[in-house]
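You will see chain A twice below: alongside chain B first, and alongside chain C after that.
Let's turn to the complex of A and B:
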């Protein structure tokens, strides 16, 4: 059911773009107003969410570790698995963000015949996740050719590398194939396993369908007969970026579908699970050093409790205690 | 806010990166630049319409190459009935002899580097004869 709702949501978005930009000809709305509005929502949303997270205290010092902690100098400790200094934390974070190190340890549980509970390693999620994220990043950077003039050398270099195999014309990019395979795997992974299907929500399927629709509309404009007029596309982008927006001649409905889906994605981004992009930097289980034996972590929640120490108690009752011949710390 | 220094630095770095196209274009001063491929053709009609060529010339060139190299088929019949020789150097470049002002105008703008000249010899452009 959640799958169908998500699929319907993606189809509805495509229909909105077809009817809005195509049939009704609201190109100004879909080409200028919506991109600006969604970009504003994206920037505002990200900052808002991050600040909101930063305002919540981390009551406990909770780095999750899986290596020897730093203790005596003659015991070798694991710098990346149990970081002690800020530099080591940075190294651990970098591996987490760039290579999803913790997901590499992902395990699966299966109930086999017997009944027998079997635990095993599960690397496919890590592999598909890594393949998807890196492809997405490379595709995003490649798209800079539509957004900047002159096109920087690294965009051209990335394009050449991505089109290394020179198959088809226009050359099929490796990342275009990889991202499609990865997204389909991530989708079927949720559908195939009953346990995963049980706890998958519409919010899990919707981004997958949205990303798939974006990818497919992109393929249609590059590889098939529905080719876009790229000069017009870049003219639109450059107009938006220099705050002199115009709608150039030559933009097709398929381009507006692509643009509208991307607009929806970036507006949806800060208010959905996609915010793990910023969240990964703010996970206290990852970004804290495991140094609680060397440095005191004070709970920011700690209420300033009025205490009456033993010293003060003794000062208050010294005479009485002396008279009762009770032992005193200070005479 | 906790760890305000780190969080605000992070937000600023993110905003600088994400707004890269805005400030890059403002700095390069080429935001309003639009390529204007110069057409100096003696004929006033291409093998297909300009609108078709704009989007599909790469497909056509690819088909032409396959037809010539693999099938030995060297004639193209245009929609208007005219026949042309399938040849980049002799047919296309005969009219569009100004590679640097015609081909490269859009290709540079879109960062496209077609591999035509991996096999074909790049045309020797004369400094006279057009413009």
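Let's turn to the complex of A and C:
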């Protein structure tokens, strides 16, 4: 049910773009107004969310340690799994953010007869996750060529590298293939595994369908007859960026669909689970050093509590303590 | 479990396939063996907890305060503003499912709401419905749920089926820690007067007498003196065990079970042996007669209230630093919370081992050292004489307790100690130890008799790993450094894998320690004949 609704939502978005930018010719709306509005929503939303998170303090020092602590100099401690210094924390975070360290640990449990529990390595989620995120990043960077003139050398270099295999004409980018496979796998996994299907929400399927739609409309423009006029695209992009937006001639409906889906994605981003991108930086189980006995952590909202003092304790038990010949403060 | 006792084969009939209908509107059934009793009003009242009243989970009507929903929402708002962990963890889960089969309760029960992701969703769905734009707009379609009494009951059921062990947080790509979420949920339940007795009564005991068991000062003294006498009978050595002695260099704090329960007791004998042999200038305290802190399982406020006594007592007695015994959750509080909640400990000095001169830089602010750190340092510097063959009748394995492993990173120190005192040490499979260790299934205050079925289920992964080394290497003793482990693993192992006993690492130290003036040590600290003596006997008999 949630799957179908999510799929319908993505299809509806495509239809909106077809009718709006195609049939009704509202190119100004879809090419300029909506991109600006959604970009504003994106920027505002991200800042709003991050500020909201940041305003909640971290009262306690709660890193999850995934390796040996620093104690004796003769026991080698795990700098990346149980970091002691800020630099080591940076290392841990880099490993987490760039290579999904924790997900790499993933295992799969099997209950065999006996009973016997067997733990197998399960790297597909890690692999698909990593493949998707890195491909997405590279594709984004490749898109910079539409926004910057002259095209920066690293964008050009990346583009060459990405098209390394030079199969087909126009050259098929590796990331274009990888992102599609990864997204399909992530979707398939969610539908195939009964556990995942059980707890998956519409908010889990919708981004997948949205990203797939964006990818497919992108392919249509790049690899098929529905080729976009790159000069026109660049004119629009640079116009938007320089705040002198114009709608150049030569832009097909397919381009507006692509642009509209991207617009929806960025507007949706800050208000959805996609904010894990920013949240991972702020996770207190990962971004704190395991040095809480060496360096005091302060809780900004700490308050005094009712405690039971030794005096109260001795007052209550003085007689029995006296009988047991235990030392007393007051005889 | 009495009348409907299931055999291990029956209990292990577990399916990981969730039911067909959605999780969003099912209700819980409080089946015997799967939940804990409600707090007795006297204990709750003694701790000034909100709305103390007679109440049981099986009651249809929980007698909640009239505006309970409002109280919960206010409580949520307050905690969202106070804990970044809570706010971020409510917002960023992508439901990738990496955590799903990492929870011992899920593995042992197959109940989908024991998947950490779904356990969190129980709370997250309410958060979404009332605290997020999408939830307010789209409600159920956005994964939001209106807070109802059924949902509150579900919270109670499942947030007291989480042992706050943090195994899931090791695997989560964003480090989402279900322990944090469970802590928040339990605090919210407390606000409307929902607590379990096995937490509330120890809290009240601990606040009043200094320990969870409610042992009064003279009783504490009796227990320690009894151990001193027993130790003399076993070894011929009369040790000193000072209590509430001012001016000692070190205050020693252990979990109360060490002097009141078995097999913890043998670990206590081990401490006594060690401190005597190295001539440690130390004292016990009847006021700080508990290192454990069930406040961790209740609320940050109660945790602080109970923990306060440790620094207060160290100040009163004028010690230089504090040494802590073998206990899991106790060490989470000491390592990650104590300095923050009751520090700074400016009345203490940076801990220095009086025997080796080692300065414990890693504890220079909190000024409290774990006994595994302390003892491993002694061994490293050859300050104690050991005969590991005295433990040859034990074939041991080591269970990393959740909190020392995942909240401290205390992984190699205990192993170093074990390797020095045991000749036969075999590790369990790597997915079940160190940072991936499995909980005993009874942590965080839910190790009750009435909850036995869930405990046996939750303990299955641990027991199963024990079975592996039992079958493969003949392991007959599971060592651990946690009082809850020592209390709850023996019945667990007896159920799943008979033939393995449970002990502490300082029990092994006590066995192996060669003491000046000791007798021939015909038995270990349990009174079991040592192998040498056994073999010697056989030889004599043969002759």
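Here, the second predicted complex is superposed on the first by the 292 of 331 C-alpha atoms of A that agree within 3 Å, B and C clash if a C-alpha of one lies under 4 Å from a C-alpha of the other, contacts with A are read in each partner's own complex, and residues count from 1 in each chain.
The criterion applied here is as follows: a contact is a pair of C-beta atoms (placed from the backbone, for glycine too) under 8 Å apart; a residue touches a chain by one contact, two chains touch by 3 or more.
Quick caveat, the model's predicted, so the values are computed rather than measured.
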Partner chain in contact with A:106 - chain B first, chain C second, else both or neither: second
Dominant contact partner of chain A by residue count, chain C or chain B: C
Partner chain in contact with A:227 - chain B first, chain C second, else both or neither: first
Chain B versus chain C as contact partner of A:244, first or second or both or neither: first
Which superposed partner A:58 touches (first chain B, second chain C, both, neither): both
Intersection of chain A interface sets (partners chain B, chain C): 54-58, 282
In the complex, chain A residues that touch chain C: 2, 5, 49, 52-72, 74-75, 77-78, 81-82, 96, 100, 102-103, 105-109, 111, 114-117, 119, 125, 129, 193-196, 198-204, 271-273, 275-276, 279-280, 282-286, 290-299, 301-302, 305-310, 313, 316-317, 320-321, 323-324, 326-327, 329
Sites on chain A touched by chain B in the complex: 43, 46-47, 50-51, 54-58, 144-152, 155-156, 159-160, 166, 169-170, 225, 227-231, 234-235, 237-238, 241-242, 244, 250, 278, 281-282, 300
Contact set on chain B toward chain A in their complex: 1-4, 7, 10-11, 14-15, 18, 20-22, 24-26, 28, 30-35, 51, 54-56, 58-59, 62, 106, 108-111, 113, 115
Residue ranges of chain C touching chain A (in the complex, touch as defined): 8-9, 12, 14, 16-18, 23, 48, 80-89, 91-98, 100-102, 107, 112, 115, 117-118, 121, 132-134, 141-143, 166, 169-177, 180, 207-210, 216-218, 221-222, 243-246, 286-287, 300-301, 304-305, 308-309, 312-313, 316, 334-337, 339-341, 343-344, 358, 360-366, 368, 373, 376-377, 380, 405-413, 416, 429, 431-432, 434-436, 460-461, 464-465, 467
